[in-house]
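In the two complexes that follow, subunit A is the common piece, with subunit B as its partner first and subunit C second.
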Partner chain A sequence: MNRTDDEREREGTQAGRLWTVLSEGGTRLVALGGRARRLTRREVKDIVFKLLVALMVLIVVTPFFLLLARLLSVGLQDLVGSGPGQGWELIATLPGAALRGGVLNAIVGTTVLVLVATAVGVPLSVMGAVYINEYSRPGRVRTAIEFGADVLAGIPSIVFGAFGFTFLVAYLGLGLGALTGGLTLAFMMIPTVMRTTQEALKQVPSSLREASLALGATKWATTWRVTVRAALPGIVTGILLAVGRVMGETAPLIFTTGNNLGLPTGLVGPESWVASLPFTIWSYIMDPRPYLQVRAHSAALVLLMMVLIVDILANYASRRLTRRIV
Partner chain B sequence: MVMPTIRETLAAWSRQISERYESLSMRLRRLKDPAHVDLAGRIGLFIPATTAILIIVLILTFLWYESMPILTSDVGGPAIFLEPTWDPNRDLFGIGVFIAGSLVCTGIALGVALPVGIGAAIFLSEFCPSHLRDVLRMIIEMMAAVPSIVYGLWAYTVMVPWIRDSVYPAVSSNPLLAWVPFLQGPTNGYSALAGGLILAIMLLPTVVSVSDDALRSVPRSLREASLALGASESETALKVVLRAALPGVGAAIVLSLGRAVGETMAVLMVTGNSLTIPYSLFDPCYVMTSIITNQLGYAFVFPLWRSALFAVALVLMLMSICFTAIAKVLIWRGTRIGAVV
Partner chain C sequence: MYEYRIEVKDLNTWFGEKHVLKNITCYFEDNSVTAIMGPSGCGKSTLLRSINRLNDLIPGFRLTGQIFFAGSNIYDPDRNVYELRKRIGMVFQRPNPFPMSIRENLTFGPRLHGIKDEDELERIVEDSLRKAALWDEVRDQLDSPAVHLSGGQQQRLCIARALSVDPPVLLMDEPVSALDPISAGKIEDLIVQLKKEYTIILVTHNVQQAFRVSDQAAFLYMGELVEFDKTKRIAVAPEDPRTEAFITGRIG
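And then the complex of A and B:
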């Protein structure tokens, strides 16, 4: 009596359902041990296969936790400590003498680079996506642009770095700095934002467009005031995903940003040289000084947190905004 | 003489502004031919739409232009793609060693990531309880978001010592494995194996999520038909669902191949960057992306050296274009087959 109530109660909760699944599996395992002769070979194979693929999922997710454990076990002493460059000072002070301070220069640098990249990349890619989804008919032009975006998404990041170096720095003469680095990152943002925006625009029901056109609105007004507004959550998600992606890029920045232990004061020229979190992590980990090794872990922890926050915001934006608009 | 108050000044300004704005909008309204706006929009939006193609053309042009000197010079020529010796001081620019290194690392990575990733995708789409699947998918999404430098940091500080202190001693002291030719050699941990493993870890999220999508888009009726014919759940998953999803899974494979070849930072930190072709899993190697990262800064003032590095970048670029094209074709075939079923 009590047990059945208990079971019914368990059925209701998620943990209860999980328990049911686990206990079922356990029972079958026991059955496997106790009555092996009754199971046919095919049944045994079935169970073994399922266990094998479950094990594979475990293999897939384990490195993430090992990585988190390593970052936390080494980097946390910087986050909670109270020495120079530890605790609050980690994200609020410049490296200073012998790089004993925090990584403020890198955090500011990454922010500046991402802002430049967003300012350049997002308008271009949103307008491009609007063109292919709203203004072009399916055909060669659309296929070519989509293929271009996909190719751009697959190009290795170091090729962008080399291209930024030879085209932006040497050929256009922009020099190293925030502008060059930001532009290089903008090139990398374009495919992500473009394809997600396009997906979001595809989701907008055509009845909305038709209603707007029937009320006498021009195509232009319909596109920007109705279609794009309805697709906004998807577009925001795409932008955030792209920001999260370029935030962690190192290779395109090595040859394009210069490096700076202080804060940038301009947008071009030597005063615009910026550090970035990934580059800082790389140079710290390659440095033999033990406290810099630790600082690399804590900087990686900061970067990881920034990236994951942007990622979670992207998820949140897509769910929350969709609900609000529909 | 009455000084106008601030409020009056503001009011005057706002009147002026609104008048001017009104006249502007009036003028626009007179021009209000919807076709005009539409045409302007069509042209104004076409230019941003071509940015992606423009950038690709620019990249290809610059890489081609930059790598021409080495491809046409006496010391280089197209043969550098096969030559195994890289020594810029002696004018030897063989980039075959980097292509070999990239192939070995990519091979190890795919050898690990594909079976594990596709197996995990089968579990997620076929056998996993839905609430557990949401959690796992979230973790896998997060793994995909982790920057490569963070994976590199972990591989550099954890995996390399692990290979040096645990894996290699275990392999070399095991009489069953010690004689295998590709498991030879003393190692300091920086090896093709380390590069391949960290690449595999970085590829797994992509492989799992793309294959999972492909498997889940297989119609339910196929599964039901197979089960109704008496096949077990695992037989259904392997022989029916996986086979139907094969083009999508193929696209996942090709996409991850492209990412593996192009990955830079994590591999750079753990492969040991030695200018030799790896013959054993424990040998160090040098991949294409690493040589560009390590030497472009120094090489910029030496025309031939720089040009050889851009030839490496050109190879990378052409490879990634090929992989994307193949993946596109596979996805396209996949959707066509899906439509038929």
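And then the complex of A and C:
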């Protein structure tokens, strides 16, 4: 017995008894490993906390796997089956009558919306971040813009949807469609991309900027050829994460895109109405017909795969860029 | 002979309310090394960065007096600061190569100033690397990232980069203080080589180094120019007690 006084003191209390149980257990564990010696109190503490954090991680990741299991158990038949609207037809054909047809309209719609959102949102956010970080002096204005962006990033997406409807559809008269929906998603992307870009720019050491200026470069050349270039891996990661996020947004699209069983043929006006995967999933799951409920699950799997592809691209792109310049 | 001579006249600088340099008057001769030495915070770097107007970027910086470069005041309001910085190269305390390939580090400056011809750029890359005594070590890996080089190699690359735009003057802000002794020795040798072609102004708080490589030395203390003369004279017989205290290691 090599217990400390401290431990003996605890023995009478509830905690002390628990302590004894734990340390006896720990001792046995070590004995199993072939080293028959009593664990010290600190070693036991270490083991207990290790188990605790492992449990926490398990709790954190479980919902994802439950969700995946659910989607697969219902939706996988659509992805791998060979009936009408299943397998290849699911992702390569437009919806038809009853069971026929897939969700190509939604896949194309989501792609178009995300492209519009990226084309509009990324230049605005990157330029904005460059202005804040490279040109504006630290002070109230900068703090106010950063605060504004942080608040925007926290606004619920349904509010962006309502804003898209009242501002773009009603006030500007753009109507529903791909442009309106894409712009609404762009509004959602801007705060995230701007802040991640700004963080990436902040990581660039000021000695690089000075080195460029000392060679006779203008501020403009220094910013774009040195600073932004050095920050590029971080900027690209930020953009692709934001893209992955808005891809799955439903709420901003409900009031702004309309819907379409075919493909959009324009950017504005009635011919620009588009379907999107989140919207399609939402409307199918609300439908009482069982085959549509299955279709909702398989569409969700398709969306997950698209987000996964964007994530893989994000990883690959930032690794490539990092390897090339660092 | 004194075509590129730099003269500093009655220079006073402030950062906000803080009076950093006080009535500095000195000059830097062609094809020689002038060491600016002094304890930390005495204004060495501020003086150096006033010569290529890098301090202009710092909010709250103010300056009175004049600095003449090749006969004209560099603080003239209509002076082209980009042209000035092209002709006064700078090497920093920590190696700071751009996160690009070795080659791109060296073509960055020339390209900025309008050189597009690939053969010309190729020639500049080799020339600058040879002058910085780095060519033999990196000639086979010009396209690999500059940050993969060792610290000492990176610093020599930064010297090569400064030389790539062909400046007659080279400012060096404690260029070896972040390096190991062997790399530092190589760069000191390099400085001695380079003074045949360039005017070098070297900031250092290392007295021994100043004595080893410089022809003239300026001793700054609390923003004042305490002593300015041939290095040999200062090393043997410092006039001011503060200089003596510094070179014998009692302040610093």
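Operating definition for what follows: the second predicted complex is superposed on the first by the 264 of 326 C-alpha atoms of A that agree within 3 Å, B and C clash if a C-alpha of one lies under 4 Å from a C-alpha of the other, contacts with A are read in each partner's own complex, and residues count from 1 in each chain.
One rule holds for everything that comes next: contacts are C-beta pairs under 8 Å (C-beta built on N, C-alpha and C of every residue); 3 or more make two chains touch, one makes a residue touch a chain.
Just so it is clear, the structure is predicted and the values come from calculations on it, not from any experiment.
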Fit or clash - subunit C, subunit B, common subunit A: fit
Which holds for A:L115: it touches subunit B only (first), subunit C only (second), both, or neither? neither
The chain contacting more residues of subunit A, comparing subunit B with subunit C, is B
Have a look at where A:P123 lands relative to subunit B and subunit C in the superposition and call it first, second, both or neither. first
Who does A:V226 touch here: subunit B (first), subunit C (second), both, or neither? second
Look at A:T218 in the shared chain and tell me whether it touches subunit B only, subunit C only, both, or neither; answer first, second, both or neither. both
So in the superposed three-chain picture, is A:F167 touching just subunit B, just subunit C, both, or none of them (first/second/both/neither)? first
Give one of first, second, both or neither to describe whether A:V151 is in contact with subunit B, with subunit C, with both, or with none. first
Between subunit B (first) and subunit C (second), which does A:L308 come into contact with in this model arrangement: first, second, both, or neither? first
After fitting on chain A: smallest Cα gap, subunit B-subunit C, Å: 8
Report, in rising order, the residues of subunit A that make contact with subunit B in one complex and with subunit C in the other. 218
Subunit B partner contacts - residues on subunit A that touch it in the complex: 14, 17-18, 21, 42-43, 45-46, 49-50, 52-54, 56-57, 59-61, 63-64, 66-67, 70-71, 74, 123-125, 127-132, 135-136, 144-145, 147-163, 165-167, 171, 187, 190-191, 194, 218-220, 223, 244-245, 247-251, 254-255, 278, 281-282, 285, 293, 296-297, 300, 303-304, 307-308, 311
If you look only at subunit B, which of its residues touch subunit A in the complex? 34, 37-38, 40-42, 44-46, 48-53, 55-56, 58-59, 62-63, 66, 115-117, 119-120, 122-124, 127-129, 131-132, 136, 139-143, 145-154, 156-158, 201, 204-205, 208, 232-235, 237-238, 255, 258-259, 261-265, 269, 289, 292-293, 296-297, 300, 309-310, 313, 316-317, 320-321, 323-325, 327-328
Subunit A-facing residues of subunit C, complex: 52, 54, 57, 59, 82-86, 89-90, 92, 94, 96, 98-100, 108-109, 112-113, 145, 147, 158, 161-162, 164-165
Hey, which residues of subunit A end up touching subunit C in the complex? 137, 205, 207-208, 210-218, 221, 225-226, 229-230, 324-326
